[in-house]
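My structure is below; once you've seen it, I'll send some questions.
As written, the chains take the letters A, B, C and D, and residue 1 is the first residue of each chain.
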């Protein structure tokens, strides 16, 4: 399994993937036209034909033996540059009176576009059949190696938006109590329009004044900054990298946006550059891989698990298969990370 | 020189210090009554007679030979618990229209009490005569050792408020353009009232709606998040510890509030616990001390420079003078930090 | 129903304190601006006397407190006040009902959202307030006299009052006596229930409390249905009073009370029936038995600190003198030949509509 | 000064397009709602015709565009419109002037702060707008006829319009033709100067632009003194028009234009002089030479799509028939015996005051 930039030839497989993602994964609608445009944009981004701040790097995880796509993920270089990027920010407002001997702070939701210009890791999907052999970890963390390698193409901060809480029958208590009063439509419709990038209705319809959270029913308040059960492992993985919830939530479902300074992200701080030494196929392969390696080119970026870590003097021994998978030979540079 | 908790007997010296601080250092007004109350509170805090979240730890740097106080500094365990704590927060608001093909974000100042419950390092003052021998660094960093030692007494975050920009004749362009319209008084008066803790007028008079920064004159906009020239070294020291400006500014002068998660502060992460071995006075003393040591008690907390770092097995060799200065003997524990 | 022949409205005096305290305690519902709190009421009376004693050229911090006296019983049976300027010292806070239009070109739809905005705009008006009447007199012309004698006072001393007058009516309370509006709004910012906060506001100040309330507009869809239904709805006990004030010429405004969302009505002085229909007549004293029958009217003397207003028949001589009995003249403290201000007690039919003019 | 005998106000027809375009280009200052843009103007005329053709029971998205025709010259010399509902599709945005009172108990002081709040409240009114008159006719009764003929139309078809009418006057511009208000407010959010944005608003939509403007209230002390001075101040060229509308019964409101802060005046229909003083009279046709002298009046026929309004002498027969010449009757398209609506051209003295009722 290896991660690489998406290519034009991936269109059929990507559409198959899109069909599998289902509701709630709005960035991959099942529309061939949309997906083809997305691929074209991504290819242009990896080839440097798009200004840095407009690039959407879209990766796929491929089974290099079968040629099948196992999953995908993306990095947006700078969000909010072309269309506005909205969050609510949970802030505290003091409500105090010396005369009444009263002092409280009230949690208040402020409409915000603070994250304009930050990078975003997004669109991670792994086919159920491939949810094994640490493929999910590879898919998620490969992005940090890419960002470490091309640090100058990214801004100071990175964020990730997490799916909020839904009831078993797909109802978002946060949406029901807040969004539904301002957006005369179903959650699903609002979500889909957003996924398709048709977001101007948000600015047109959403409340401009702050929302005092005590006015929301308890069920909705309990959604603020909370993730969907299925999203919890992904959140934990990001938290381990140092991403934190700083009070920003999704305006529709109240799910948290976690963030970090890119230079603080653990995987980026701890990754290191080493030199390849291809050693035939005699090297031992562990049961469970503990090291990840990524190449140093942008349009031919590759990332996969490898069987071992580097030596103290910065040399990484690869099997022929591993080297082929990554497209490297002895003497090439690799970025590696223990995880 | 050593840092220790203030005591009742320090009142005369503290008042001498207060006289020296002058305008702009509002937390030490030249009022014996006020200072005596401040000391009493601090003593009660160090002795654990005040609930953790209400404690103000007030330290003095003393010349243990002359008995003179060289400076002071403080840690407030949780700000905004008894009186509201206000900032402006510089946020971005999207102003966009698809129809007009227009997309901008406008910096906007939001009134905020977000920092309610955070710890604050404050009130650092070093007499000019003592601005040598790394006394300033000791005064500033000793607080991190104290917080590391008593981590459980502090919340997740710590902040420091930095003095904003003033013209040579003491005028704050930020105040002139914003505060003066809402507070019918001189900056000095507003600042003094705040220093004395009489802050209810702020909530009563300050603008409740957000301020769009483009409406401020350029001179005022240029003050946002900028520090006074004299404060720059202090800001640099805090930045090195990992404190960052996250957009919060003082409502009067626009100066930045820098902040960090306490567990991320470099001095706290890098400090370590060692065991004392008193080795007479034969140990070499470097020209410029590079290690700092702090004791592990709260009410008898001491911190000073020492001549060397610990051995690999966690033993610190101290001269008799150093041990006396810290009030430790062989076998006692110390927390040390290279800086 | 009691006879109203010997009813008199006059400024409150210190001797009226006990009676006013009793009235304050008996008002339904309890009034914020009339706390059953002896010290505060004593202060009110003293302030009223100071206001009457001062030379006033334009409205300011004055408060005028009146009582309704039943001379037959020798009892004080009602009280009412005027604040010359609702927000002379502190702001007078109200919620103003507004409508925002959220239109989406993308989706080709238009969505209206109602909000309540904290407002200080009513601070400049003169406020008729703090009315409490002994329950035995409810529904009689005594109630009318107590309410509207204040307009007879304003008519004579226009320089002391604002061009616009306002009346805030107690808001809707549920059967348990709770305020659904407070429970859905204020309660989030205070621990106290409606009654406690009302008592607190009476003793401290409503504007102290308002400062703690949310400063940004509230979106109505986020309030409970009960709270929304209470907006601009008067307490049932005050429905007749509201109807009368609407008949007088007051109109509902967009403003409601910040605690219970009770309606605030207002009018420019020159649109009020009493102020447009009052007239001066010299007094002619005749034996009570010989007075002709006529429509009832409010009659007021011309004395500021010794203001008196009563109900009499609007019986005029052919030359326009008002016929009063010896007893009525004595009640008003006027002798024959002195001019009194007279206005008919009857009002035209009620028109209850939101003031379009407020757009 | 031209004779006004052969002036006529009637609904615009497609043949008037070129003339309207010329008038739009010549207006001082340029009007947002009358862009000198042929496609938009053609659309306006078509929309006006559709509005006249529809059965309308209550005001909605209708627009009525009229022209002033000089029959002597055979030229269109003016145009003016009515929007049945100012914000029927999008919101009609205005800034509303408000005063906040910041009181400090600690310091014992009270501080007033003025703000401007974006408001949609004027969205419901019917708006008289888009008036442009050939400069040769300025200051003549032709100007009056063009402005007020719309009221004669409204008087006849009340179901098509709101109870409250509004007029927004172009705001103050400095000598260089710039808007100090726009420069201090809108300019922060747009790159364009006042004229460019005005043109853009004419072609696109003012509400598109309003959506980009600041949504939170603006504190006036943060505006430039020049911008503050422009708030509620009309463009000098429109001063006589504003004075006339005030004399008509419109009152200044708290609302001002979001681009240039020009004043918005408004009134309930029943307070307007023309609507309260107009009356029906049957036509009696007499030779022009024999018509007696009398005060000038506006005279309108009763035909919706064929609406005609002109100025004639208000000369009545003893039984109340309006005396018209053959020519005048033809101008109006009425025969003898047909009733016309007549209202005097003269107005009472102006009272220019902020509407207290808006508190």
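Here is the rule we go by: a residue touches a chain if its C-beta (ideal position, glycine included) is under 8 Å from a C-beta of that chain, and two chains touch if they have at least 3 such contacts.
Source: prediction; values computed, not measured.
Trainee: Could you compare the number of C-beta pairs in contact for A-D with that for A-C and name the larger?
Mentor: Between the two chain pairs, A-C has more contacting C-beta pairs.
Trainee: Which chain maximises the distance between its CA centroid and that of subunit D?
Mentor: Farthest by centroid: B.
Trainee: Distance-wise, how many Å sit between the C-alpha centres of subunit C and subunit D, to the nearest whole number?
Mentor: About 39 Å, centre to centre.
Trainee: Taking the mean of the CA coordinates per chain, how far is subunit A from subunit D in Å?
Mentor: The separation of the two C-alpha centroids amounts to 55 Å.
Trainee: Let me have the rounded angstrom distance from the C-alpha centre of subunit A over to the C-alpha centre of subunit C, please.
Mentor: Chain centres of subunit A and subunit C, defined by C-alpha means, are spaced 62 Å apart.
Trainee: Express in whole angstrom the distance between the two chain centres, defined as the mean CA positions of subunit A and subunit B.
Mentor: Roughly 37 Å, centre to centre.
Trainee: Please output the residue numbers of subunit C that touch at least 2 other chains, ranges allowed.
Mentor: In subunit C, the residues touching two or more other chains are 103, 105-106, 208, 211, 216.
Trainee: For subunit A, give me the residues that contact two or more of the other chains.
Mentor: Those would be 96-99, 200, 203-204, 209.
Trainee: Please give the residue numbers of subunit B that touch subunit D in the complex, ascending.
Mentor: My answer: residues 95-97, 99-100, 102, 104, 106, 108, 177-178, 181-182, 184-185, 198, 200-201, 204-207, 209-212, 214-216.
Trainee: Which subunit D residues qualify as touching subunit C in the complex?
Mentor: Those in contact with subunit C are residues 87, 89-91, 98-103, 105, 110, 117, 119-125, 163-164, 166, 207-208, 253, 266, 268, 355-359.
Trainee: Spell out the residues on subunit B that touch subunit C in their complex, using ranges where they run on.
Mentor: Touch residues, subunit B against subunit C: 98-99, 203-204, 208-209.
Trainee: Show me the residue ranges of subunit C that touch subunit B in the complex, using the header's touch definition.
Mentor: Result: residues 105-106, 211, 215-216 of subunit C touch subunit B.
Trainee: Over in the complex, which subunit C residues touch subunit A? Could you list them?
Mentor: Spelled out, the residues of subunit C in touch with subunit A are 102-107, 109, 111, 113, 115, 184, 188-190, 200, 204-205, 208-209, 211-214, 216-219, 221-223.
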